[in-house]
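In what follows, chain A forms one complex with chain B and a second complex with chain C.
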Partner chain A sequence: MVQPGRPDTLLGVMGLHTYFYTYEGIVKAVNSVSFGLNRGEITGLVGESGSGKSVTAQSIIQLVKAPGKIVSGEVWLDGEDLMSFSRDEMQAVRGRKISMIFQEPRAALNPLFTVGDQISRVIQLREGCARSIAESRAVEMMRAVEIADPERRADAYPHELSGGMCQRVMVAMALSANPLLLIADEPTTGLDVTVQAQVLDLIRSRVRSAGSACLFITHDLGVVAELCERVIVMYAGRVVEQGPVSEIFARPRHPYTQGLIASTLRVDIDKPISTIPGTVPDAVHLPSGCAFHPRCPFAEDLCQQEEPPMVEAGQDHVTRCHIVSGRIKKDMIAEAWELESV
Partner chain B sequence: MRLLQYVAKRLLHLIPVLLGVSIIIFTISHVLPGNPVYLFVGIDTTPEEIEAITKRLGLDKPLHEQYLIWLGNVLRGDLGDSWFTSESVAQDLMRRFPATFELTTVALLVAIALGVPLGVLSAVYRNSWIDNISRGVTLLGVSVPSFWLGLLLIYVLFFLLRIFPPPSGRIGLLISPPDRITGLYLVDSLLTGNWKAFSSSAQHLALPVMTQALVTLAPITRLMRSSMLEVLGSEYIQAARANGVPDRQIYFRDALRNALLAPLTFVALVYGNLLGGSVVIERIFAWPGVGRYALESIVVKDYNAVQGFVLLAAVLYVTVFLIVDILYFVIDPRITA
Partner chain C sequence: MSLANNNAFIRIRNLRKAFPIRSGMFSHVELRAVDDISFDIPKGSTMGLVGESGCGKTTAGRCLLRLIEPTSGEVWMGEHNLTNLTNDQVAKMRGRMQMVFQDPGGSLTPRMTVGAILREPLDLHTNLNAHEKDQRVRELLSQVGLQPDHLSRYPHQFSGGQQQRIGVARAIATHPDFIVLDEPTSALDVSVRGQILRLLTQLQEELGLTYLFISHDLSVIKHTCAQVAVMYLGRIVETGSTNEIFDTPAHPYTQALLSAVPIPDPSQRGKERLKLPGEVPSPIDLPPGCRLYSRCPYRRDDCLQPGPPLFHIANNHSAACILVEKSDLNREKLGVSAYSQPA
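Here is the complex of A and B:
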């Protein structure tokens, strides 16, 4: 739950709505999303493609691409209301208080400038220091993210470096700001497993030591279990469940979260992998009631008629489900997922 | 070093290209119907005399032999004589080319100077009034034929308003051209301090340049706009914004350089084309350039002149592309030799 009064809450998002006005109709990419991020914690934001994870992140830094628009909502960072900020003020927040790491490191670097040039420019912009100082700081940052031979690598163009190396460069750029909030949008998706582990380690150690918060967007629940303290699950633009990782992985209450966990490949127990039946709904014509009901093995008439409100589901743990709220009297049996998949 | 290697390699590539062009143009100009011998004859010329002329011109030999003779001469720098002007083709071209070069280059510079900023602004302020104005101008530029636009400009700006001089060539009839240094009137008159010639040739350039520039500006603006939009939507621009880079720097440092890559090829294509002379504009403005020369030579089947002209056009074309490739090589680090 969002508790802006809590001293360790760094970012509070309340009632965020971001819509895309397309020719086909309005896409409610982010629909009444609320959550809080605590200092020194990494929060995982999970969901399938198109669930609104990335748009939520873009809304926080107010870089939603047209035809998207933030319709309403509040975003509080360290006691300041970002939605009341002007364009210039917001620009000063980006790259200083909030930094972002992107999914495709090579695409996120400008192909026509050397990586050293790109890091040092961000430093120079922020600190207003001399070029030469920014350049040596850039090399320092590259060394800090364990890039070997940083003096030479600083003169390389993005296409001359591996994907993992480019992601380190992005991490170096993002962390050079010592941001209060680090947003990582699937930063390890395109990387080798070993490189992935190194990048995750890097993010974790920097976030912990700096006491900042991190919003880690991913669709990989394994990464969430490994890295995060808290997790937010999104489906079709809405938060359907959120809480501490230990709690949610042990006792997922929303059928969608259960499905996600059941469909994760596990090596430690011998069980068939199940899948969630059906596909992500059409963003323009969302199903009525609970958007997940067409795919939900427990759905009843009420789920189709009425959208479930957010309810308590445990210690610091909330979800949107009529069964959890007790409106529908029914047991959710874990075997439902295995039965579906056969 | 890397650059030198690249240029050397590219120059080597030109040899087969130009050889191929020479074969094609020689074959086409000789195979097309019509007989250049009639340039030299009157009504009462006898068949024997015609045969003698054919022999004198070497036109009785097999085609491949004629080609080799011509190629040998070209390699020695001799493009042959024009049968129409009775002068050396090389000299004819040298005298006319500066006129075409001056008009084309000034027009292209104007088109770039207006088209690039206009394209950038219409992308940055997409669907604003400036985008709408640029859309209107470019629509006009692509849909209005240059001969009509040229005539309209002459009618309004010369005939009605008397702002510009009549379309009588490169300089006023009563003003003597500047001493020849480069053959470019603007440059020569500046170098010799001949202000009268400078002002007159600048005024004479104005209307043909406007005509040519508007037609060229339209596609440059549209290309620049779409290229800029694509770049602005890219991930690295989003990343730069997320890192707090101000808009002005985003547009002019991060985006512009990337966005220029696509229109550059188009500009080269247009320039290479136009350097071969714009027949329509040179005709309307009585501009003594190579385009008109080529047209006149083709009509009378003046083989040497036509071949010389096409060869010149081909050399210019590949030169422009060589320069553009070098530019790409310098701008874009992803291109390797």
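Here is the complex of A and C:
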């Protein structure tokens, strides 16, 4: 699946394990995660809260907060092994080669500086240009993310702007560095849909034209379907399915992916409200075997006993499921989700 | 929208809420958060109030319950004009009208057990004795799908979905007639959201509840509401049955809102959209005409005239757009040209 040797692979993540050592026990937030990101492509990383999406992103840029720790794994960016980098070398990667847009824009911005100041510092740092040039470029970037009246807004402090406006500033800041890899952690969560559409357009056109790669973390399958070429589905710290978006939406093979698609409400068609029964499991006490088995309508004894390995499910499409691998002979019927909903 | 709707349980008439804002030492301007909205909700039905942040939907919901005082207008619940009641009278009515909040964790007191949280409304609004209260609390728990042993736990020991179940249990504790649901599922995971929506629908059927469902999420509104009102900058720009609003949206704003929602189907990618440039302008000191004027692709000079009011289209479907009134763009035509409009 992961082919770091592929010429268009920009980022290769292999066997990544990030654990949190808490009083209650070890939380395997990222458990044996492997994937590759291609240049010019946007890859969606989907999962519910606590599935390990954000920690995966933090592991790539090595900003996992204590008590979290990257236990093992490899991260290759553009032919370089990031895990072998020193702190200083990593600091040089962040913001230049890899930019990140965080989930909480207000927490990510410095409250003591104006937003124009913060964007122009990024530009100055990267380009080494004069302050006045950086400042005018910052205003340009703010205009590019469709902040109305950017000249005036550049002098505003984060607390003076709305949450949506702060997120635009974050996008402007991340894109101003022209990064090789853009990691966007739920960048449009909390934005209005009409504004979300604009921000998605902006990210799409920037990634395409710059030939950079983008890891787009979201819980919204609609956004994935509209924006991404590939999708990685995570559940309880593991990648349960990954492949091309067109393939996964047309033929989801893992029961969790199926349930997620079934429970996504749509504005364009009428369908009954389906849900996945139960709740996301407690991270310290994960269920044995396949972590999804208590919520899975197709689960058998084997699913409880043995963790399924990653198997081929189609062209460039892999999943972890005993039914797909053929260990359990069973048909997964789509109606199971509808029946579940009655 | 017919104002002579006799089976309406909740009737809102010309509701306004303006917040004064200091603009200088002696000058004040107004932020009209809710600007002359009227609608009816039939008994046992769900009305969706949809719009983007800052459109006034939450303010409207709170004015309805008099959690904040409306500037003017009337709110009727059955035979009661809530806007004429004194504060004491409103407090007595609270048991009949409740609210479920967006942030399930934040809306539950962290230092109270679930049992205490559910008993509080019973203490305030009922004359039940201790034993009856205990019984009622247990009944509530089972109604929302929680276990009796959850009673002695604290809110943080529950997942978001379970916390919202507690919020719903608290809201229905005093047998209310009317509940304002303010983004009840926005903070929940996709797989859990459906469970809460189904719980709300089920309780509505069992208890004959009337809901005002406030949300920015059109897909949730589509699946839960019979009627919808779309708000933009304090005004209702379009209202009608859910099917009409979603199948034949008439107002350019509704069309843009609908076309901006991502469709979870990659084969539909690249469909043409009606995009609104820019963003919602500041709600302070708005010009008299159509609120969408600054962003509307169909704008013309007439749009700057005061108004526009809601124009009737069909059944109870109406939209506040002069193009609808003049019908020089009929709905089909508006739909077609909408999607060929460049951003």
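Convention: the second predicted complex is superposed on the first by the 339 of 342 C-alpha atoms of A that agree within 3 Å, B and C clash if a C-alpha of one lies under 4 Å from a C-alpha of the other, contacts with A are read in each partner's own complex, and residues count from 1 in each chain.
Everything that follows uses one rule, which is that a contact is a pair of C-beta atoms (placed from the backbone, for glycine too) under 8 Å apart; a residue touches a chain by one contact, two chains touch by 3 or more.
Just so you know, these numbers come straight off a predicted model, no measurement behind them.
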Q) Putting chain B and chain C onto chain A via the overlay, clash or fit? A) fit
Q: Considering only the touch criterion stated at the top, classify A:E74 as touching first (chain B), second (chain C), both, or neither.
A: neither
Q. Counting only touches as set out at the top, which of chain B and chain C does A:T264 meet: first, second, both, neither?
A. second
**Q.** Partner touching more residues of chain A, whether chain B or chain C
**A.** C
Q. When the two structures are overlaid on chain A, which partner does A:E104 contact: first (chain B), second (chain C), both, or neither?
A. first
Q) Touching A:I61, do we find chain B (first), chain C (second), both, or neither? A) first
Q.
A:M170 in the overlay: touching chain B, chain C, both, or neither? Say first, second, both or neither.
A. first
Q: Please indicate which partner A:E146 is in contact with in the superposed arrangement: first for chain B, second for chain C, both, or neither.
A: second
Q: Pick one for A:R94: touches chain B only (first), chain C only (second), both, or neither.
A: first
Q | Per-pair minimum CA distance [chain C against chain B, superposed on A] in Å | A | 9
Q: Check chain A for residues that touch chain B in one structure and chain C in the other, and list them.
A: none
Q. Where on chain C is chain A touching in the complex?
A. 52-54, 159-162, 189-195, 197-198, 216-220, 222-223, 246, 256-258, 260-269, 273, 275-281, 343
Q: Spell out the residues on chain B that touch chain A in their complex, using ranges where they run on.
A: 233-236, 238-247, 249, 254, 257-258, 331-334
(Q) Can you tell me which positions in chain A touch chain B when the two form their complex? (A) 61, 63, 65, 91-96, 98-100, 102, 104, 107-113, 121-122, 125-126, 157, 159-160, 170, 173-174, 177
Q) For chain A, which residues count as touching chain C in their complex? A) 48-49, 146, 148, 162, 164, 192-198, 200-201, 219-227, 245-246, 249-250, 259-261, 263-268, 270, 273-276, 279-280, 341
